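In order of appearance the chains are A, B, C and D, and numbering begins at 1 in each one.
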Amino acid sequence: MNKKNLREEIILRSGVNPKKCMKCGKCSATCPAYDEMEYHPHQFVNMVDTGDIEPLLNSDSLYKCLTCFACVDRCPRGVEPAKLVEAVRLSVIRKQGENHLTANDIPALLDDETPQQLLVSAFRKYTK
Amino acid sequence: MQMKEYKPLIVAFCCNWCSYAGADLAGNNRLNYPADVKIIRVPCSCRVNPMFILRAFQRGADGVILCGCHPGDCHYTSGNYYTRRRMAMLFSMLDYLGIERERTRVEWVSAAEGAKFAATMNDFVAQVTALGENKRLEDLRCKR
Amino acid sequence: MQRIGVFVCWCGSNIAGTVDVKAVAEALKAEPGVVYSTDYQYMCSQAGQNLIIDAVKEHNLTGLVICSCSPRMHEATFRKTAAAAGLNPYMVEIANIREQCSWVHKEMPVGTEKAIILGKAAVAKVNLNTPLTPGESPVTKRALVIGGGIAGIQTALDIADAGFPVDIVETKPTIGGKMAQLDKTFPTLDCAACILTPKMVDVAQHEKIRIFSYSEVTDVKGFVGNFDVTIKKKARFVDETKCTGCGDCVDKCPMKKNPNEFNMGMDNRSAIYIPFAQAVPKVATIDAGACTMLKKGKCGLCSKVCGAGAIDYTQKDEFIEEKYGAIVVATGFNPISMDKFDEYAYNQSKDVITSLEFERLTNAAGPTQGKLLRPSDGKHPHKIVFVQCVGSRCAACAEKGKEYCSKICCMYTAKHAMLTRDKYPDTEVYVFYIDVRTPGKNFDEFYRRAVEEYGVNYIKGMVGKIVPEGDVLKVQASDLISNKQLHIDADLVVLAAAIEPDKSARPLATMLTASMDTNDFFTEAHPKLRPVESPTAGVFLSGACQGPKDIPETVSQAGAAASKVIGLLCKDKLTGNPCIASANEMMCNGCSSCERVCPYGAITYSDKEFRMPDRTTQIRRVASVNPAVCQGCGACTVACPSGAMDLRGFANNQIMAEVDAICK
Amino acid sequence: MQKITRDQLITKAVELLSNGTVSAVLGWQKGEFDYDITPAVFTTEEEIKNNFVYNDFCGANFSKYLVAKTKKLEGKILVFLKPCDTYSFNQLLTEHRFDREKVYAVAIGCEGMADVVKLKNKVDGIISIDYKDDAMYVDTLYDGTVKVDYADVLAERCINCKSKKCVAYDELMGEDGEVIDSARFDEVARLEAMTPDERFAFWQNELSRCIRCNACRDACPACTCEKCVFDNPNSGVENKAPANSFEEQMFHIIRAYHVAGRCTDCGECSRVCPQNIPLHLLNRKFIKDINECYGEYQAGAEVGSRAPLVDYTEGDLEPGEVFERGDNNA
């Protein structure tokens, strides 16, 4: 996928308009996982906006975000950085044909305690 | 023969103090809306006689929209309150006669709401375009 | 039949870029009544106007259609042109082919087609225009200023100095407003009291100025030059004419534990109080909610100690009715509530304060006599964090903050930071900012001095959260330049709260029929060309009620508003709008429908004798319109069942003709 | 069958005329046929005794006549008002349309009037009608005497009578009644519940019959304008006869709108319509809307009340919301 399409897709999927950002940094100021992250929330917004998404795809920061939504709550412009992080994350883990498991592998791994609902939502989330 | 794209004819009555100024602001900000909308300036929305609206329909308008100051903000204190009652009653009657209710609208647009003016007009034109030509008011009597 | 001239303006490329002006002129030539049609680069220019005047003379024109910008822009210009050419000014109609055509459409054929139709509508209307002559109404030579802050004070002084009587209505017991609460003023660091209080004294001593303090406007009727205003003087339970402001009552009052509004509730005042030492009028006021005498009928100490016998527990609200020719709104601003900003812990810690509270803390007349001490424990703070844009530029949640920039915060925060470092060099000061906005004379220099000379730490980034822990405030913030998250243990946090219009502004706007924007700031008649006038004639705007402003701007706007008021009051008579309603007596039923809807009470009824076609006479009840009172809204024209009531300039047949022309 | 008789009314009229209380009497006289009753002004005892009639076809509302008659007359005029006429009487007073001092109003209780169309649908060739207590006996050309129940020919407006209470009079004859909780809006509600297409078809069918005779306007007690907009070349809607089909439509919408908030629902428009168009359904729609949107309002219930369309509250519903309200009803 080319750079521009990836940007559009992430914006579409997240419903976030990064142009609304006024670069105040309140998202990063409020972020509890800041020190764990290579790229911080405000950088996420800026990098998606400028289309510099490749480094994000390869960064651990994607998985360090706790999705606590503090940044979403505090952002004075309603940019919702966490949704953007989630959208970038999805574009890594939701690649077509790159499922870590096939459906047939699942039954063997199940234990009886696993709620059905969790399985269904896991499928929904991790396959495409 | 190629079908000509249907363009509705929309008459917009705008009060001088709020909505007409709002339309000007839409222009100042270069906010586009279809040229199908033709604005008639009136001092206040309460100047708009239901007869004007019927006349527009009679002469071939496909939609009529009336814009005034927000209730409570009327330049003349209470004009738009009367408008609100008059138009509520008129629209209800037109609907009662089976005429498409989407052809008429009242919208409150302040002088500061250029964007709202453009958005309203875009929306209204789309709505009337979807209905097509205004036939019913013309036809109401003539089928025997 | 009219002889109509059509004049199509290019407005440079503003119109000609999207509208084929020559085609418009050509098409309109064929319209009934049109005998001349032309186009020109700039119709509003002197050359353009001369072209119109010449054409009127050459072609004997009786009516003009100008296809140009909005009538709100240049209708008056072209009416003057018509008058200069010997025509009645109301024989002009404007087809708005710029704001409502060329600027909103992109394609030439579309724009041209619409411009032609708009032109046709204007021609159809002019065909039915009749010459109109404006009526006249007298001007009451007195002004009302609503709000007694620096804006109101300056406006009142300027008007009064020109020789016109002025009344100031102020809701608080004293004039002075927000400026009286400030310590120093940027960028010169003048002491606010030193420059304000002399002006307050001037107001008090000015023979042309009356102050209605502790009062509010409750009703406004009438129109420009002739407003009838009702002012409620709230009962202060002290006779203003007798009170000497000695303060004995204040000392003796046993009810001392009431939050002191003037010091932002950071200390207490007694139930009977004088807000501050330089208050004008310097008269005590009893807080009815706190006084035991008024609540339970027990005490009466103040009355006993008052040597002047000024205390009057039976005082009632008093209503004063007065006539004014002009009204100036100067209702000012307030900082927004910090209740919704949980992240800044304003409600959890006394040591998180707003900037206005900080002003009081550093003011020599404030709760700490000017010593910078923490509200919680009275200790000197060694690390202070200033947070900018708290609630300003906040588009995410309308309930929480304001979308606009509050404009004054950058400068006063720089001032606070600088003064702190100046007085207490041992204090570390951090300012967290999104942008530092310093447009203004000597403003940026001032901010740079705070950084370069006083060593204030300016950090680009916002504070994310503040957690009170022990006696420190844990501040978590981002430093965007060094790409770090900072953790600071602060002793005091100062929030630069956004400002909003005073709550009294909205109901006042309704009374005045003055329009407001979505933020409750008053709208000006034109954002550039008429910035101190409200669209409602005779109502003027001064200070922060129109938008966020600092003191120099407020004072200059106050002066501008005053000059507009003086210009109005200088006139003996106002020529009214001739586009007013009138009743055709032959058709009037006398049903009173019009009288009921008229917002101005301009319509009256009388019995008149009519000669009928069969030579009998009939007495009928018919309506008549007072031309000085009618404002021309047209509500009556629609209420009238017979169509006897019509509006000049927007007559039934004129509007119908426009409808027909558009729908042809 | 009316409880008040012709003789009672004649006695009252003659009494008032002869003692000088009034100088003229507004009453009914026989027209070409027995059921064809015409309003008339009587000025002598003799005229009254010879020509005055009163029966179940005396439905005409006299209030409107007062506007013209009181202007021309010296002295007072006697008018007989049925309960529904008293509402029109009050409404005209509210609008200052005649001088109350010049009128002597006698309110008369009403049992409901007959609809001549309903009668004609039942019997052909009517020669004369005898009003008996149990029913009317119609003498016909073809079928001899036919007995017709009053209930079978009761006019629609009387079936759905809104009030038997007389709200204005100088003198009352017979018994005063009460405001009735009628079902007069049921038909409007039935139309509202239709789809727009069905409504359109319904009205197209009805209004297509209009011949623009102006009878509805001329009979309507709310239509008393010195100059009607339809007759005024400057009004922009002048058309004495329809030039195209749409103007027909305009006429009825504008007429209904003009009387909205002032119409007392007396039903004269539908009574006089030669094409039997249910014009009262237009007026009742406005009345129903006004009641539902702005609170119950009965025009003419009292003198001086403020008509809903020249009034407002700050919390009125928005024009776009009238439909939502209608949808809820449907």
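The working rule: a residue touches a chain if its C-beta (ideal position, glycine included) is under 8 Å from a C-beta of that chain, and two chains touch if they have at least 3 such contacts.
Keep in mind the model is a prediction, meaning the values are calculated, not measured.
Asker: Any chance you could name the chains that touch subunit C and subunit D both?
Answerer: B
Asker: Tell me which has more C-beta contacts between its two chains, A-C or B-D.
Answerer: Between B-D and A-C, contacts are more numerous in B-D.
Asker: Could you pull out the chain whose C-alpha mean position is farthest off from that of subunit C?
Answerer: D
Asker: What is the distance in Å between the mean C-alpha positions of subunit A and subunit C?
Answerer: Result: the chain centres lie 47 Å from each other.
Asker: Please report how many Å separate the Cα centroid of subunit B from that of subunit D, as a whole number.
Answerer: The separation of the two C-alpha centroids amounts to 36 Å.
Asker: Please tell me the distance, in whole Å, between the geometric centres of subunit A and subunit B computed from their C-alpha atoms.
Answerer: Between these chains, centre-to-centre, one finds 45 Å.
Asker: Can you compute the centre-to-centre distance for subunit A and subunit D, using the mean CA position of each chain? Integer Å is fine.
Answerer: From the centre of subunit A to the centre of subunit D is 73 Å.
Asker: Mark out which residues of subunit C touch at least two other chains, giving numbers and ranges.
Answerer: 597, 639, 652, 656, in rising order.
Asker: If you look at subunit B, which of its residues touch at least two other chains?
Answerer: 50-51, 55, 72, 78, 82, 86 - these are the residues of subunit B that touch more than one other chain.
Asker: For subunit D, give me the residues that contact two or more of the other chains.
Answerer: 229, 235-236, 309-311
Asker: Spell out all pairs of chains that touch, sorted by label.
Answerer: A-C, B-C, B-D, C-D
Asker: Residues of subunit B touching subunit C in their complex?
Answerer: 9, 11, 16-18, 20-21, 23-24, 26-28, 30-33, 35, 38-44, 46-52, 55-56, 59-61, 69, 72-79, 82, 86, 110-112, 118
Asker: For the complex, which residues does subunit C have touching subunit D?
Answerer: The contact residues of subunit C facing subunit D are 586-593, 596-597, 605, 616, 618, 620-621, 639, 641-644, 652-653, 656.
Asker: Of all residues in subunit B, which touch subunit D in the complex?
Answerer: Of all residues in subunit B, those touching subunit D are 50-51, 54-55, 57-58, 71-72, 78, 81-82, 84-101, 104-106, 136-144.
Asker: Mind listing the subunit C positions that touch subunit A in their complex?
Answerer: Contacts found on subunit C: 343, 389, 393-397, 401, 434, 460-465, 476-480, 483, 485.
Asker: Along subunit C, where are the residues that touch subunit B in the complex?
Answerer: For this pair, the touching residues of subunit C are 70-73, 96, 98-101, 103-106, 110-111, 113-114, 117-118, 121, 509-510, 513, 515-518, 523, 535-536, 579, 597, 599-600, 631-635, 637-639, 647, 650, 652, 655-656, 658-660, 662-664.
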